[in-house]
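Think of it as A, B, C and D in the order they're written, each chain with its own count starting at 1.
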């Protein structure tokens, strides 16, 4: 079993003093694996990613990256340390070209290095290369998601956080994106993913963490959960906790 | 007894944003006193459907009938006058008013006319009713604090209590359990059942908490990508293959 | 309202009534001016503080009221008591019309729209010389009399204004305590929710502007009678601006907020005369400091202390 | 015909000046949702700074302009952002509007109290005289104004579109959250916008003060025109500010000549009223969806 690279210990976080989402959450992600976060809406999956990436300050608890405490570090510093984040939804700058969108992903790199890195990413995404001079708002949804992922890879992150990459994409495109993430993980990048398209995502993941009301309810190898006849109940009624106990 | 006419009749509602079909031909009907649940993965168009029914946005096509009257495209104001109430997905209380004033504000506009309200007592004659509701929702200890100063869960309760203040015939609840702790969720279930029994109103509930929906509703509609994928009794929808696939991928 | 507050109010009203007896004529004039100024300020507080709309145009209604009074009294010889309802209803009607942009746009857009309205009214006052006397203004505006008793003297006119202000204050107090007040607050706190709980936001928005404008119209008529001479400069954008800041500094959405704020912009500069133009300089910068540290206005200070004590 | 062209050209020149002030206004809005009601005073203050350099240090106008730029960037850019905007912006638009209204009064009265209440003459950056081409006569000042304003606008567009920093600023304006996720230093990009706004204000002062004269309340009019130009053109579009400014300038000139000189000031206003009633997002603006 590979060692933990990301650890949450009793983390409490929320969007306002009166709204707590993460409730003493404890979980971890292991090096070179795809860890899948699943659970009903409002369980705190996206909040885990946002808190980890410094977009939300944890009120209590500790977040560690390679054993070092990273609570409250801003995204800029975390990027420099090797964590990148692809948030949910559309995150491109529509009026700028595809190339310029890519470039902005490397804004923290020395300018001299930027060009080489862009070429490296373009090799991985030939579709993006074809659209390089188009306005970002004019490319298709699948291309946009690929561009977003490519933009995050520009920094050669050791950990990639990705939130609901499949939203709005056709099943075929989802498979493509998942395959790509699997390749990345096999090359050594740790992937922490939130995904609603659970069955598909499980097939590509190593491990699944089920969150419920801001807490870890279940931690199993992905293949095991995929076989579990209770998977349905997890989402359509019946508490995860009961199925974990049973 | 002949089949009673339905209270709400939604016929083939569509809401398109350019090429994106947020709601794509949804029909549903709600009988008097019935509690209908609407489920579906994120982005399946549930809230857009609500907003189209409630006049918050204008549907591209289709129509909505309430008590046999065509109410398509009516403003929220006109709808509330006809007895259609709602709660919102995000918190929507009057932050600077006290809890009690929030409840009175939710119902006072249905009493008398605007000029007559100018000469009405300050509580518009609703003080007693508001206090009853405060008792029911166990908000007595905070009744005189500004609503904005309370916790998320408490504000959510106020939000729901407000919708029921004018005793509407139909209430549409948009994710009443979101951000509410598990103990409160159980209480909420009891409250809604209680209100359904005492006020006799019908509800349509959007909710992701499946236990809640399955316990509360007699009829469940599952939406996926703007369409109704399945509907029927909760147990049936729960075990429907397509529904499972929609939630879990295939 | 609890007992201490009621006691404070009674004492304050007594002091207000008795103070002029001990003042020279300029002091009485200033107190009268404060009473006059409070009429539009109360109206503005209804618009901004209670109904949550933005307005930098209250000075225009103040001016419209004053010009209507001046015109009708000097040119047509109509008595003050008949002029008053004309000024109020005219401003009410125009206020209703100005409310329409507020239905389309909010916040800073509305600020610009009302400010623009003020500029327009100012231009009309300045340019339509035949009617308004242009930059020369209108003079010899008489003070009212009632059943042969003339309010010409400084003290009689003060008491007339004082009593009128109290009457206006009572009407507004009653209005804001009625369900209407709650509807205005609902409109301010959350218009979308308000609409779905049956509040006719169109009607209440327009009414807020109209009632606020009517208050300013009444105030304008009293101003014309007080100063006997009016010119466009008294009703420019800067007047509206100062009035808005007075309401906010005092504490918008609090009934007595405008009293404190108006005292700061009307009385305090007289007391701090040696500061001259530096007074407004300090006032301007003080507004910034207040927005950062006490955005609810000076009257919110007590509440602030209370919440701080309640919080652990 | 010659007269009409002359009016249009000089109107365009005046409009270009309004457009510069309006441009700064829209940039601030896009980058940080800042509405600056003291924008007019931000033009007035540099005018007096330049007069100070000319009067006290005896520098020529161009040097005074160059010296004023960094001072304005420090005071009207950096200090404004750090002291007033940063603490207030998270409370929404209105508190900031009120604070900048206070700032407008404070700055005006400060100049009135500490410098002078009288209008001060201000030399034009361009030579006097008229340029005649056939029946068409235009002044050097108008041509110079148009050229300088044009250069500034084009230079700014080049910076925003052709440099990585400029594009990062656009990114922040379009989607602040996404920009933050990429490690773009959002606060620094916003600061750049404030600095650009300060420089635009200095240029506006250089161009407008010869006609308006340097006076403590000169900002009221130019500030108002800038707001209206920005809203007419579209608050969320830089191109909108340009269109709005020129439209106001030209229509004002034509109204002044053919309709009524007295109501010239009302033109921007009327146009603004029509726009917010008919098309609140402005002529080139994109509508901002009402949030449910």
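Heads up, the rule we're going with is that a contact is a pair of C-beta atoms (placed from the backbone, for glycine too) under 8 Å apart; a residue touches a chain by one contact, two chains touch by 3 or more.
The model shown is predicted, which means the values in this text are computed figures rather than measured ones.
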Checklist outcome for this item: Ordered by label, the neighbours common to chain A and chain C are B, D
Checklist outcome for this item: Between C-D and A-D, more C-beta pairs in contact link C-D
Checklist entry - Of all chains present, which has the mean Cα position farthest from that of chain D? => result B
Checklist entry - Approximately how many whole Å separate the CA-defined centres of chain C and chain D? => result 32
Checklist outcome for this item: chain A to chain D, mean C-alpha position gap in Å, rounds to 43
Item to check | Separation of mean Cα positions, chain C and chain B [Å, integer] | outcome: 42
Next on the checklist: As a quick test, compute the distance in whole Å between the mean CA positions of chain B and chain D.
Outcome noted: 48
Checklist entry - Multi-chain contacts in chain D: which residues touch at least two other chains? => result 292
Item to check | Per-residue overlap in chain C, given as positions that touch at least 2 other chains | outcome: 192
Item to check | Touching residues (chain side chain D, partner chain C) in the complex | outcome: 35, 37, 84, 87-88, 91, 93-99, 101-110, 112-113, 117, 220, 224, 227-228, 231, 260, 262-263, 265-266, 269, 272-273, 276-277, 280, 292
Checklist outcome for this item: chain D residues touching chain A in their complex are 164, 167-168, 170-171, 174-175, 177-185
Checklist entry - If you look only at chain A, which of its residues touch chain B in the complex? => result 16, 18-19, 21, 40-42, 164, 166-168, 171, 174, 196-201, 213, 231-232, 235-239
Checklist outcome for this item: Within their complex, chain C touches chain B through residues 175, 177-183, 185-186, 188-190, 192-201, 203, 253
Next on the checklist: Touching residues of chain B toward chain A in the complex: what are they?
Outcome noted: 41-43, 150-152, 155, 178-179, 181-182, 208-211, 213-214, 238-239, 243-245, 247-250
